[in-house]
Amino acid sequence: MIDDILNQIKDGKLSVEDAKKQLNSFENLGFAKVDHNRKERTGFPEVIYGEGKTPEQIISIIKAMQSRNDDVLATRVSKEKADVILQQLPECSYSEIARVLYWKEDKPLQTKEDRYIAIICAGTSDLAVAEEAALTAELFGSRVHRIYDVGVAGLHRLLHHLEEIQGATVSVVIAGMEGALASVVGGLVSHPVIAVPTSVGYGANLQGISTLLAMLNSCSSGTSVVNIDNGFGGAYNAVMIDRIARGMAID
Amino acid sequence: MIDDILNQIKDGKLSVEDAKKQLNSFENLGFAKVDHNRKERTGFPEVIYGEGKTPEQIISIIKAMQSRNDDVLATRVSKEKADVILQQLPECSYSEIARVLYWKEDKPLQTKEDRYIAIICAGTSDLAVAEEAALTAELFGSRVHRIYDVGVAGLHRLLHHLEEIQGATVSVVIAGMEGALASVVGGLVSHPVIAVPTSVGYGANLQGISTLLAMLNSCSSGTSVVNIDNGFGGAYNAVMIDRIARGMAID
Amino acid sequence: MIDDILNQIKDGKLSVEDAKKQLNSFENLGFAKVDHNRKERTGFPEVIYGEGKTPEQIISIIKAMQSRNDDVLATRVSKEKADVILQQLPECSYSEIARVLYWKEDKPLQTKEDRYIAIICAGTSDLAVAEEAALTAELFGSRVHRIYDVGVAGLHRLLHHLEEIQGATVSVVIAGMEGALASVVGGLVSHPVIAVPTSVGYGANLQGISTLLAMLNSCSSGTSVVNIDNGFGGAYNAVMIDRIARGMAID
Amino acid sequence: MIDDILNQIKDGKLSVEDAKKQLNSFENLGFAKVDHNRKERTGFPEVIYGEGKTPEQIISIIKAMQSRNDDVLATRVSKEKADVILQQLPECSYSEIARVLYWKEDKPLQTKEDRYIAIICAGTSDLAVAEEAALTAELFGSRVHRIYDVGVAGLHRLLHHLEEIQGATVSVVIAGMEGALASVVGGLVSHPVIAVPTSVGYGANLQGISTLLAMLNSCSSGTSVVNIDNGFGGAYNAVMIDRIARGMAID
Amino acid sequence: MIDDILNQIKDGKLSVEDAKKQLNSFENLGFAKVDHNRKERTGFPEVIYGEGKTPEQIISIIKAMQSRNDDVLATRVSKEKADVILQQLPECSYSEIARVLYWKEDKPLQTKEDRYIAIICAGTSDLAVAEEAALTAELFGSRVHRIYDVGVAGLHRLLHHLEEIQGATVSVVIAGMEGALASVVGGLVSHPVIAVPTSVGYGANLQGISTLLAMLNSCSSGTSVVNIDNGFGGAYNAVMIDRIARGMAID
Amino acid sequence: MIDDILNQIKDGKLSVEDAKKQLNSFENLGFAKVDHNRKERTGFPEVIYGEGKTPEQIISIIKAMQSRNDDVLATRVSKEKADVILQQLPECSYSEIARVLYWKEDKPLQTKEDRYIAIICAGTSDLAVAEEAALTAELFGSRVHRIYDVGVAGLHRLLHHLEEIQGATVSVVIAGMEGALASVVGGLVSHPVIAVPTSVGYGANLQGISTLLAMLNSCSSGTSVVNIDNGFGGAYNAVMIDRIARGMAID
Amino acid sequence: MIDDILNQIKDGKLSVEDAKKQLNSFENLGFAKVDHNRKERTGFPEVIYGEGKTPEQIISIIKAMQSRNDDVLATRVSKEKADVILQQLPECSYSEIARVLYWKEDKPLQTKEDRYIAIICAGTSDLAVAEEAALTAELFGSRVHRIYDVGVAGLHRLLHHLEEIQGATVSVVIAGMEGALASVVGGLVSHPVIAVPTSVGYGANLQGISTLLAMLNSCSSGTSVVNIDNGFGGAYNAVMIDRIARGMAID
Amino acid sequence: MIDDILNQIKDGKLSVEDAKKQLNSFENLGFAKVDHNRKERTGFPEVIYGEGKTPEQIISIIKAMQSRNDDVLATRVSKEKADVILQQLPECSYSEIARVLYWKEDKPLQTKEDRYIAIICAGTSDLAVAEEAALTAELFGSRVHRIYDVGVAGLHRLLHHLEEIQGATVSVVIAGMEGALASVVGGLVSHPVIAVPTSVGYGANLQGISTLLAMLNSCSSGTSVVNIDNGFGGAYNAVMIDRIARGMAID
């Protein structure tokens, strides 16, 4: 691309002023198209972080995305905001538990792909984060197996799903409290594990810091960690790996 | 005991001055015999905390205890100190891994009692703390089953010992890193679990604080926690429970 | 149990397929019956953690438990939720101070057992956690002595109850602020002490973290700690020990 | 595998006692071969964590691994220990900067695979962790591009390597101080980024905690984090993803 | 000034008592006029910190300042308070996003000075702090270039403004999350950078502490840091430097 | 006192049983009269900590104290609670800023004593804590000089009060933010300084923890610290010292 | 003093230039004599903080002090440094346990004053800090009662000294671990308690931070806290109070 | 500069290939000359961070810099390293207290400029950091006034230097402990203050974290903070501002 521009200058087809403008816009560096056609390039739709945005702001962003035929994914959207948005955009769907609002044009949410991501969570209190992860992965085109309520306090429940977990391409493990589930899963599989600490627990949980620290200290290799309650981020990493597994050309 | 003293005054067998002295010494309050005949009352020998004491100080304490026929248990005794002590007190034994020096007059270390305490540790790096716990329990007269190197990263190793663990009266679980072992054991047994966090791990372990926090947040009921690297304290609690199980009258 | 299954196969009484199913369900490992008949096995009824659950969810869980003749214990139930629940389930009892809702079929709450657990708390602000502990222990079948408002700032109040405290099988010590009560009790008794830090205190209490750290650093051996404000957990540990003392076969 | 065992019992080829032993060893559960033939199953050789082990212990583990024709990777091996080990095992190699000792039978360290992992580090002080990561990845069979000393304080150095970084399958970003490099790389690529915080920095770095927290808060999606200074863990995750990309059957 | 007083005593024009009073009031030390004519001396109007003050209190302070012809700047004024204040003082202006209320007599907010301060922020969530900074700087008489939403996750957006940023006299960089923007800007410019961490982010952001620590550990020299969310303080520092650049005599 | 009891036994005037009771009640130990006649012994009235108590509870405690002719001091009483209480107990006084409710029978609040305690605070935001301290001291019978709004950012204001501060018997310094006022005052006086950190400040104040740590690290000898926002505790210490200065016999 | 100077000017005895110099030296402000004749004014000799100073530096400071007939107190002086200093200044005394070096011209260390300070410490590990406090107090002219090794784990030992403790003018309580001793003493006495946390304890002691936090949260009023291991600071506060009690005019 | 390149292409003076190379090296972006001719552009010589580098590495870097006629500044160079370096490079100077090694070709260290930077430090323990700052500033061409040992515990010493401090263009305030000096100076001057916390202090100083937090919470506007012990960074910021004041064209 730089070649193109420089050759055009040489050939007099491009003024020095215009070339300078293009080079200054850094689109020729390869990372400048993000905003204009992110989906085409990376396969990931734009994502709206709903917290701190008004329903009106979210609606106008969604409309802009729909006009470009982009899929829509908005996280951290409260029930109250969603009600306002859905009145104006009834074609969107909303999951209250996951606080996720989304729209996928003409396409089923579930893929027919054989490979799948295991979304594993410890207890019912982790459901919100787990569903944020699960819906994110599905909207980004991955197949998801939900394996919920399999905390280590009742190990048999987890082992009951062993084969299903081992069959996944990548696991996203969501847990609060002591976060032991990430280590136990990490010790049972030979694929990457993305651990998502949640802010669930009594006093010394420190809003998830204890869980986060525990997961970072996991004795199981092959485990990496994202921020507290960041179900979206956990899924995003998993989808990246799933796409690599499916041989999808991204770059 | 107060009765005795008061009756002796009444009967003129004890002068007011002497009675006052005894009462002032608080021996009549029931908690004053600790120092003079602690072993007889509680069944626990005096324990010497070796850190910060010179070999000479330790030797003189041991001699005093031996002269009272007390068992001797000294924790946190470095190899260097132990060498000096053993030259003068060759009848003592020393465990380098546990940094424990002890002497038990005429008695085998192992009890023939059926009931036992399970000392369970996650990895080889936790061995020092585990052995401090195991020797403490044995010196205090309990039977110990050592179940070592059964961290959750290789869950099958732990499950292999399941029956043995479930058969214990109480478990002491020693682990560093994310400390998940305490939660997993807690979920597998119906007896009390004493968790001992160790200061083993990479950077964000924070010298055991991460493990400590994780264990306190354990999702398994029936688990309580002692201080970091405190193998002695973990064992002390377990022995107390073991004695209750064996119907030993303490009070 | 594995023997049974394998022998049945050998004898042709069980098909390979059925045996595999049973083994896969991990019920043969000894830890699989928890969910189906937990009370029979461990003596502990299921416990409902009320926080984050709707009254309707709690009601349906209680009904399921009642249909199995299980005792019911729900912790962290707010007054508002309890009012809704009691309208539909007037046979249940509710303690507002402890935020505990419970039902014990046809049985008195107090046991006639001689042995008892001492529930000791420092100040009136710790009452909620103390009562959560006391009711938990009583519902699990233990006898409880409540020894309240005996903080170390007025040491004589504590010493006044000395004999009663020393007579217990196990003590649960509940305190906020500097948590000194746990150390002082630990120094006065020769039975296990379970310390429960509470989130009571001025600024540098850090929502109970200061108390928690202080208790973990207790200079008294024989003390272990559970999470902040976790009255239920403290009682659960104490009941386990009390049952061992009473020779109740659990496993 | 369970089928085999059960059928053999049925056919009388296996005694109940022997079957029980095999089942008890949990090899039939699918996760039990780890210790005996881990390399065959997962493609990863056993790894020796050198810290806290004596040279003699390391030597005996290496010999055991060599006798099974396993590759050898020992991390956190100090120069002093390595000198002792290399005298007895001169066939091993040692990298002082990475503190890694390794042996790869008859095979070149570099693979001819086109795909590669980018190991990117911010400054010369991060070299030890970066080389631990790079050698780990190479020993596990991945190709590595080392892109060092490209911290964000001189952004042009990083941008100079832009194409090379974007061409990788996965990036491992190693940085101390404010760890901004992870976010910047995360914003420039569309493949997974594994961030490794290092304990490099002035006072308020808190031995890497500041860097760790910053990386967890990265505004770039697609970034996950491992523990401080854990170059091995970062590489392990990256190799897992690289193998998925190369279509290597693991399970 | 001391000279004046002392000479007046010598000449009998000032009584010892009066001289003592003046010296005691410390106005002769050069730092005592702050309260009486702060604006004349430092060029900075008094600033009202609105948090914790009632609308009535703020109104009376503003009136006092207006009567002295001082400019008025009140920070941290909520919409509710501002509504009350503006009813009584309609001549004031209010920025809801910045929560800043101000009044500048007869003067345009924008200066015609060529030199300018770059106020740079990472994301839309940092806008409130950025606008507090921008308005503060403008009210204090500096020219401001707002360069918003240029977080490092999309580096091209930042580079697009490179020349504008490099042309500033001083930059105020406002960012939450990992705060990498401060380091990146610091590496691109050769003027001072004042970094303002914001409390924007997921769980492990710790209300801005993570960002603060990251910024303090910036690998770019020439960066200093103010308190979390302290847009006012960041601007105040920048204006001081801007005035030095413009050769304004202050002392 | 023990003498008395013992002699009475010897003389047959007291039965053994009664003597035992008295000794068991620990009243003979000298610290048992606290609850019955605390005011007579220590000169300090009982203090009611209002937080977490209902107006009704506070009213009944006050009535009990009034019936014993005790002065009444209740701290942390919200405006809402005070309104309820004052309706029933109109003889009480209430300070809204200090959140203190009190009653002093027939006596003026101000003492005529020459000696005084200096209550010094940095800014208007510290007023609540300062007034809690000032009223506490006055109710306990000390004379108080209020020296408010003398933070170190305008050092001349503080120096203006220098003689007054130096003339006090003891100073209570109340400050938020960086708490520098405690060090500066400590360096200017030769009497004890009690520092009270307040939870006033921007983000990195950490609810007063930063101020607390700063004060503990004060470079001025003669300064000690109480808990965050604990105006009552600061005053209590100061009054103790003031009474010593006034030669009041306490013990 | 200002009067003197000003009158001398008026009378022509002092030139304006000289007066200005004196006033500029701030000696006229009342707080300027500290360095020149601190002992005369405050009764406290200069104190040398030995850490980070060479023996030579300490020697020259001591010589300067001796030439002014000042008492000498140097804290934190290691054995190595002391050996060097004592060779040159054999008239000095050194306490190895307290790491304190001192010289008191012609005067006995012990005062004949009746009033005394109680220096109370919990265990033998706190001895160094306790002795630093005790020697400091004695060198500053106070009488000291040492009450050592009375930790709350053996409450009877503390109660044995009750009368002695209650008889003190002020107590300095030195304790590590959970620091409960400060609260217990605070509850037993009606004089001020200065608490000194020490860095003694297992893992979660956090180098004394846990003890510090616990002491700040003490439920006993009348307790204030100084920095960790700061025996000197604790004694300094106590001596100030003791002097007030003895009616010593300081100002 | 981009213009130049593009015009040369247009004029045929530069081949497309060469232009591309230059543009790819990002020199055309304006921030690419840093490494090759940093001094010319920014006026700042390269700085060598000595920690973690061998003497040999430092020597070779210095030689490279000398060959380019660059000034040399190496920070954090221990005495041992400096001895080795000075043997080979006797033309360099070394300050042991500042741990700074430097070389300034043919030029005096002191500038004749009137404007100056005030380097102010609290105590003798802060000298190392203060001298690192002072030498850095001098080597970068600024004039420095050293105002040392003026901690707030003896406020008169600070006030004695008031005029000198107020006359500076910018102040660098270096303090440990509670860091109050930064606030006090900030309140006395109307120029920017750069605060440098040092890791000097007793236990709760937390290696400078307490000081850092205190400084960030300074109640004086116009103060910004750099990392703990970062004297170099403090000076770097100050020099930037000093150059602006001196009208030096940088960009």
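Residue numbering begins at 1 within each chain, and the chains themselves are lettered A, B, C, D, E, F, G and H in the order written.
Here is the rule we go by: a contact is a pair of C-beta atoms (placed from the backbone, for glycine too) under 8 Å apart; a residue touches a chain by one contact, two chains touch by 3 or more.
No experiment lies behind these values; they were computed from the predicted model shown.
A.B. asks: Between chain pairs D-E and E-F, which one is joined by a greater number of C-beta pairs in contact?
C.D. replies: D-E
A.B. asks: Which one, E-F, E-H or D-E, has the same contacts as F-H for more than half of its contact pairs?
C.D. replies: Copy of the F-H interface among the listed pairs: D-E.
A.B. asks: Do chain E and chain H, two copies of one chain sequence, contact each other through the same residue numbers, with over half in common, or through different ones?
C.D. replies: Looking at both copies, the contact residues mostly coincide.
A.B. asks: Look at all chain centres (mean of CA atoms) and spot the one farthest from the centre of chain B.
C.D. replies: Centre of mass proxy via C-alpha means gives E as farthest from chain B.
A.B. asks: Compare the CA centroid of chain D with every other chain's and tell me the farthest one.
C.D. replies: F
A.B. asks: From the C-alpha centre of chain A to that of chain F, how far is it in Å?
C.D. replies: Inter-chain centre distance comes to 55 Å.
A.B. asks: When the centre of a chain is set as the mean of its C-alpha atoms, what distance in Å lies between chain G and chain H?
C.D. replies: It comes to 39 Å between the two C-alpha centres.
A.B. asks: At least two partner chains per residue is the criterion; list those residues in chain F.
C.D. replies: As it turns out, chain F has residues touching two or more other chains at 24, 29, 31, 154-155, 159, 187-188, 201-202, 204-206, 209, 212, 216-217, 221, 227, 233.
A.B. asks: State the interface residues of chain C toward chain B in the complex, per the touch definition above.
C.D. replies: Listed in rising order, the residues are 29-31, 41-42, 44, 47, 159, 162-163, 166-167, 169-170, 187-188, 190-192, 194, 212, 216-217, 221-227, 232-234, 236-237, 240-241, 244-245, 247, 250-251.
A.B. asks: Enumerate the contact residues on chain C facing chain A in the complex.
C.D. replies: Listed in rising order, the residues of chain C that touch chain A are 24-27, 29, 31-32, 34-35, 52, 197, 199, 207-209, 212, 227-230.
A.B. asks: Can you name the residues of chain C that touch chain G in the complex?
C.D. replies: Interface residues on chain C, with respect to chain G: 122-123, 151-155, 176-180, 182-184, 186-188, 201-202, 204-206, 209-211, 213-221.
A.B. asks: Which of the residues in chain B come into contact with chain D in the complex?
C.D. replies: The touching residues are 124-125, 154-157, 159-160, 201-206.
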